[in-house]
Amino acid sequence: MLSSVQKGDMDIAEAERMLRMDHLDSIGGDVLFDESRQLRKNIPEVVYGATKDYGTIAEILKKRSDKLTLVSKVDEEKYAYVKSLVHGTRYVADAKVIISGKMPELDKGTIGIVTAGTSDIPIAEEARVMAESMGVKCVTFYDIGVAGIHRLIEPMKKMIDSDVAAIVAVAGMEGALPTVISSLSPVPVIGVPVSTGYGMGGKGEAALYSMLQSCSLGLTCVNIDNGIGAGATAALIAIGRDR
Amino acid sequence: MLSSVQKGDMDIAEAERMLRMDHLDSIGGDVLFDESRQLRKNIPEVVYGATKDYGTIAEILKKRSDKLTLVSKVDEEKYAYVKSLVHGTRYVADAKVIISGKMPELDKGTIGIVTAGTSDIPIAEEARVMAESMGVKCVTFYDIGVAGIHRLIEPMKKMIDSDVAAIVAVAGMEGALPTVISSLSPVPVIGVPVSTGYGMGGKGEAALYSMLQSCSLGLTCVNIDNGIGAGATAALIAIGRDR
Amino acid sequence: MLSSVQKGDMDIAEAERMLRMDHLDSIGGDVLFDESRQLRKNIPEVVYGATKDYGTIAEILKKRSDKLTLVSKVDEEKYAYVKSLVHGTRYVADAKVIISGKMPELDKGTIGIVTAGTSDIPIAEEARVMAESMGVKCVTFYDIGVAGIHRLIEPMKKMIDSDVAAIVAVAGMEGALPTVISSLSPVPVIGVPVSTGYGMGGKGEAALYSMLQSCSLGLTCVNIDNGIGAGATAALIAIGRDR
Amino acid sequence: MLSSVQKGDMDIAEAERMLRMDHLDSIGGDVLFDESRQLRKNIPEVVYGATKDYGTIAEILKKRSDKLTLVSKVDEEKYAYVKSLVHGTRYVADAKVIISGKMPELDKGTIGIVTAGTSDIPIAEEARVMAESMGVKCVTFYDIGVAGIHRLIEPMKKMIDSDVAAIVAVAGMEGALPTVISSLSPVPVIGVPVSTGYGMGGKGEAALYSMLQSCSLGLTCVNIDNGIGAGATAALIAIGRDR
Amino acid sequence: MLSSVQKGDMDIAEAERMLRMDHLDSIGGDVLFDESRQLRKNIPEVVYGATKDYGTIAEILKKRSDKLTLVSKVDEEKYAYVKSLVHGTRYVADAKVIISGKMPELDKGTIGIVTAGTSDIPIAEEARVMAESMGVKCVTFYDIGVAGIHRLIEPMKKMIDSDVAAIVAVAGMEGALPTVISSLSPVPVIGVPVSTGYGMGGKGEAALYSMLQSCSLGLTCVNIDNGIGAGATAALIAIGRDR
Amino acid sequence: MLSSVQKGDMDIAEAERMLRMDHLDSIGGDVLFDESRQLRKNIPEVVYGATKDYGTIAEILKKRSDKLTLVSKVDEEKYAYVKSLVHGTRYVADAKVIISGKMPELDKGTIGIVTAGTSDIPIAEEARVMAESMGVKCVTFYDIGVAGIHRLIEPMKKMIDSDVAAIVAVAGMEGALPTVISSLSPVPVIGVPVSTGYGMGGKGEAALYSMLQSCSLGLTCVNIDNGIGAGATAALIAIGRDR
Amino acid sequence: MLSSVQKGDMDIAEAERMLRMDHLDSIGGDVLFDESRQLRKNIPEVVYGATKDYGTIAEILKKRSDKLTLVSKVDEEKYAYVKSLVHGTRYVADAKVIISGKMPELDKGTIGIVTAGTSDIPIAEEARVMAESMGVKCVTFYDIGVAGIHRLIEPMKKMIDSDVAAIVAVAGMEGALPTVISSLSPVPVIGVPVSTGYGMGGKGEAALYSMLQSCSLGLTCVNIDNGIGAGATAALIAIGRDR
Amino acid sequence: MLSSVQKGDMDIAEAERMLRMDHLDSIGGDVLFDESRQLRKNIPEVVYGATKDYGTIAEILKKRSDKLTLVSKVDEEKYAYVKSLVHGTRYVADAKVIISGKMPELDKGTIGIVTAGTSDIPIAEEARVMAESMGVKCVTFYDIGVAGIHRLIEPMKKMIDSDVAAIVAVAGMEGALPTVISSLSPVPVIGVPVSTGYGMGGKGEAALYSMLQSCSLGLTCVNIDNGIGAGATAALIAIGRDR
């Protein structure tokens, strides 16, 4: 069915069919899965784990059974409880993401992921897991800073060598890295502001503002700490290019 | 030279060469053009016209002679003065953009551009001119609203039929359109918040916040009223796909 | 006396009488109940529980004896303590509300309550308990999203079938649901922004701004997480219609 | 058709029919009217005039011919130009609203409108014109202050005597009036913050915050200066009650 | 010496003398007491306890020995530790204030203190203890609301009967009480916004903005939760009047 | 009647009488004067002139005939028009205030007024005119800075010599003056932040925040540029002391 | 006398002498010059011209007669009027600064000044004039960008060659330049955010936040557009080094 | 190599050499130390400890072995764990800083450090440790207030006597101290706002705004609580002067 959507036959009758196609699995009567999303975009279900307790997460994963599902922003301790309740999951500690179900082959193209500092790595890893869940390979360069600009050149060369379709640039504090990366890059760059910093503007606002103000064309951004969103978009770009 | 950059041979020696390659045309001794940008990204020079008087704009365009240059956010009256000083320019009134130099063939792929209301059209047109200046074709659907959701379906079908590589979704007020478009779209969507609205959040902040908070994967955004940035990124995605 | 107030005979002499009618039950000398409120508006006493300890809550409920009283924003653990001190209460866990006293028949009309996601349910349930405490029936549709717009149509049909007098639409994140619901609804919609989200605008501001900016006529809103206020207003509308 | 919508027969087939029913009158190819809105909600087309020049307004009104249309936030000078281009309009100077087409009988119920000061009157008048355009009668009490609380009692009595279905309370500065009105009122109150004031919070934010924080149940609000939205919602409540 | 200051003989020589007069008691070498403050203003030393641990507080109180000292924002548990280390203190639990040293006679005049709700009482009590430490008597009326305006009249009468020199009006949420009190009061009113509330503006900003925007002449304000400052100023007014 | 209010005989019957006493002079049907205010507080009517055109101001002044009235924030040009329409007014250019009616004797006590810079003088003069309209004498010291602290000592001495009942301290930029003045003053200080400054915090917010954060007891404040409010409060303090 | 201050003999007696030394030239009775400032810091009088009319500026300059005085933020048109009233001034158009009196020899050391774009030049020039008025030489590099990082290296080399004591780095938009410059610089860098940009953070806030968040040690900043302050501090550093 | 950098021989070849010089010690593959920073600026490595757990800190310190390293914002408890894992460190409790490696002789000049209150001392101590780690001596005066201005004179005299090259002025609350210090000081002052305060502006914003708005030339600032940054810059100034 994916192809028909991509070919553009979607009309109201089909919308209705999609509606019925939604199996509307419910958890406690109030969770409606959007089954057709994966068809439309090749994006697996992602559950925002930060505000859910381990019981709810476990229940959701059981319902999903073997369909690929990511749960983001889950700390190690909470995962320990989830693991005791559901089989067949694994945990990417650096990304704070639970993966349930089978990850695809990484054959849909390549993206680059870079971070300014070490504190930005969890968000970068979240982006990596997201992209890989969509079949896209990632080349990563972490802690390449901006205070030491000469350190950017080698990673930039390697990403261009890998023919990346897009670059995810992750930075907190003053958030200058995505601008600098974008100025050197021939492909789109997606900036991810990170909530590291202190004082005025220190919850990621300074970084976000920097990316929004950037005068480097080719740079767009997502909200603070949204590694999932950046990874998904970069992967969509790679998939589009890979057809 | 473009190919070598894209193949990844860029090293420090080459960076130095690029540096020399910058002809450093100066206007009054203080404007350094970044000649190599077009090579690296296929993006023409864009001058932000809002804060420059007509004399400065004219001087810049003369220096650039026949190289493709866009000047954004120029109102009709200011253009009249510029026109009297420089030959060979034209003015896209809906986009408030001056084009100087020859626009390329539109053979690098296609993007979609949609707006929520009529007030959003100038920003959408800015995006269109930008994308076309990079050789990318645009299919546009303006004023498709969000208060009347049933009006979205036809444009969505047509964009998918046109095999767009990315969609630019432009919206002021509450800025819900990009989220809705992204939920229906198999390709990346770039949201552009517009500074229409009133009262609390009415200078585009409400629209920007909506796009940053959006739970629809595949949506990134640029700053308020930045049609140029959105058009450039969408076009880069199309060019990447078109290779 | 209710009828006379509603018929408009209130004058200063009566205001004075009302004043005397206030029995001014005091707790530790400093809590003055506003007994006449229930007369004027048919709204039971609501105590904001978030900032009160269990001892204070218990004391208030004892004073109120069998008069209908709601205590909002009370977590399960705090209720356990309250319960050990006062008899005759019950706890609506999904709404985090304690009910003390007898709830009325649900014979004063009907309202609809919808949520965008599962995280919004506690606030929606708070609105439901509030409306029911005023004798108004609620039809609820939770987690109907906005990213999957086709899922809105069925709930919309059912609410119109139930002849709802008003709809409470509860949404966090980008808060687009109330706008979309309002665009499809022939009755007033009350938007409730919810403090779910992340990064810039993520404490409910993005959702609130969206609702304030909405271009859909018929939509008003309350403050972030104020399910009580939205439920009370929707119920007042139903009661007015039901006379 | 209104009745069938209100009876709940709307299904996807009908949605499609509605879609076709949209005549999609276009102005310069980019304005799509939402004809079905009046059917669904009994609300005439409202055009936001503040950001449109007189030529565009005139063109829109000609297209609409004799269908009832309001244009808001138009100053006297701009109206003079519009008037010279289109026949059959009239201008409500206090409300800064142009009315084109025939206003309905005022037989759909009654609402009250009050203001704190004289500066709030234009917004109150905007609400009045909006409500009257939906067939709802308005009783108004302007400049009743809050600094002189004893002045509130008489208007309150008269509104209750008139059996108003809802009250629109308009206030700038510290915005306390809607809270006070709501505490005395047996019907829903819609607060409209006004952009009068000075210094910190003086563009209507203080008034908006006051209304959002209000502890008086039955009060909802709209954005700063949105008289149109408040009038439309109050009228919807009156219409619902009047059936 | 007080009288000479008040008579205006202060010159640079005297400033130098004052400097020497500062005994510069040091705690760990880094706390310089400003001994002359009590002389200049009749205000005892006030230590902000919120950010100091019990050890530091105890050490300060020992140094001060029997001179009157208040420590504000100290919770019960912390006081228990302080008490075990220093003799001769007492704790006003409602105000969260430690008093060390002898309180003066209450013979310097009278002020009124009112609160809108019960949550505002700790701040009001802080103001009371402060004023009493300066020899000023307080008449208090707590939880007189604003949603039930008729409840304001009795307290207002009693304060005027007591010939108060100033009124401290304490309110969180929408903060309307000080405006209303000031509109009825012949003496200066000092508004204290309180950090109770929720959502947008709910940390006391809404209340502060209301007080700043108030159109009632005679109202000034202090920062959020600053009961000490309001009590001190009201007491200074009473002392001035009492001479 | 003033004395009876101050003696506290106000009851509901009297409130009703006051209500009738309001002659409710109307201008165009919508301006209700609060005649009893002068009785209750000795404060003349003050009209905020910034947002009113000269016609409206003239009409108000005619209605008031010879009763003392101030119109604030009126520039010289607007006054020229007002003057041509109403007799018997005069204009205090430094304060931008129109005075209509007879000013009282200055026999109700004394206050001090100081400014940090020359830009703060118009606001200080506004405070002076206000206080004088209530019969209170003012001693003023303008441009005494804070960057040159040694310049504060002489004015401070002179104000203490004049036995001022309160000091109004006016400052823009970083707004440190009121804190410094209050630290040296035995009487209450009312800070007025002024909207001079630049960049971050430069519309008076920095000055307001400074005054709110001040650790000097005895300092309260009003909103940005509110010289009228500060003058009225300082005068009320002087009047209270002068009885 | 300068040397004695620098040697540390300042005591209270001397402070008093300084006080008398203040000649307290007054303009209209309300401008007190701080004559001793030049002695203490070697900084000429700087008058903020933006909020003063040409008459006031002319009057101030006449009073100052031949003492060195700068007037900042004066546009060309306003200067034309000033010039017609006072002799012996000159105007630095790029800096929008009037210079009155004799500038010193540039023999007190050297600083560097760089800008990111051409829009930042007026602020940079303001810094240059300020530093030169203190006898410090400036080497300047304007429009060196950050989007083209390779363009930074040459200016950096030249500033180090010139042995600059400090660098003023001026940037609007995302404000990354000062961070990058500081990372390459062995001397202190003073960042000046500029009010160029657009949308969210576009009035210089994004640039200011970037500089405050910068992780590059050695970077401090001044407020938005404060070229005067940055130039003065950089010059003070050079003067200290030059002794 | 330091001298060659300072003499300005840095070219691209050297930049490349520097690049190779970066030994790129990695911790877990993702931490790249910037070894050349110490060479370029004489600043030791500083690790921001607040967001790192004790294990990571220990690992970093082991890698660094005997090279001078500071770890900031580490509380006592966390240090206890670090200490158990790494030898040869010491802890400056007042500054919350771990020092690893050998501190230099204090022979590079002198700076002054002052605080307004006792709460500001930890940030001042952080600045002191930073400056000493660069070989600069510090004279400190803590809790000199601003509410008691006469207490500033003695410290000011002593700092001038010590011939300080710069002064770090640390203040929370209303943050007036740096302005006052700068007005008396012949050398540059670096303001550090501190996150002490309460209510509106109480997380250090009021203090930061004050410093940004300050009209005293010679004052720059760093972000809230950034003692490290202020100490480093002041030390750089001293080192430059000391050559």
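Note that the chains are named A, B, C, D, E, F, G and H in the order they appear, and that numbering of residues resets to 1 at the start of each chain.
As a convention for this text, a contact is a pair of C-beta atoms (placed from the backbone, for glycine too) under 8 Å apart; a residue touches a chain by one contact, two chains touch by 3 or more.
What you are looking at is a predicted structure, and each value in this text was computed from that prediction instead of being measured.
J.: With chain centres set to the mean of the C-alpha atoms, which chain is at the far end from chain D?
T.: H
J.: Taking each chain's centre as the mean of its CA atoms, which one is most distant from chain B?
T.: So the farthest one, by centre of C-alpha atoms, is E.
J.: Rounded to the nearest whole Å, what is the centre-to-centre distance of chain E and chain G, using the mean of the C-alpha atoms as each centre?
T.: 43
J.: Where the CA atoms of chain D average out and where those of chain H average out, how many Å apart are those spots?
T.: Centres of chain D and chain H (C-alpha means) sit 58 Å apart.
J.: Two or more other chains touching the same residue: where does that happen in chain E?
T.: 12, 15-16, 19, 147-148, 153, 184, 198-202, 205, 208, 212-213, 223
J.: For chain E, which residues count as touching chain C in their complex?
T.: Within the complex, chain E touches chain C at residues 118-119, 121, 142-145, 147-148, 150-151, 153-154, 196, 198-202.
J.: Quick check on the complex: what are the chain F residues that touch chain D?
T.: Chain F residues touching chain D: 15-16, 18-19, 22, 29-32, 34, 36-37, 50-51, 193, 195, 204-205, 208, 223-226.
J.: Please output the residues of chain D touching chain E within their complex, sorted ascending.
T.: By the definition above, chain D touches chain E via 117, 146-149, 173-176, 179-180, 182-184, 197-202, 205-207, 209-216.
J.: For a test of understanding, state which residues of chain A touch chain B in their complex under the given definition.
T.: Contacts found on chain A: 5-12, 15, 40-43, 46, 153, 156-158, 160-161, 165-166, 184-188, 190, 208, 212-213, 217-223, 228-230, 232-233, 236-237, 240-241, 243.
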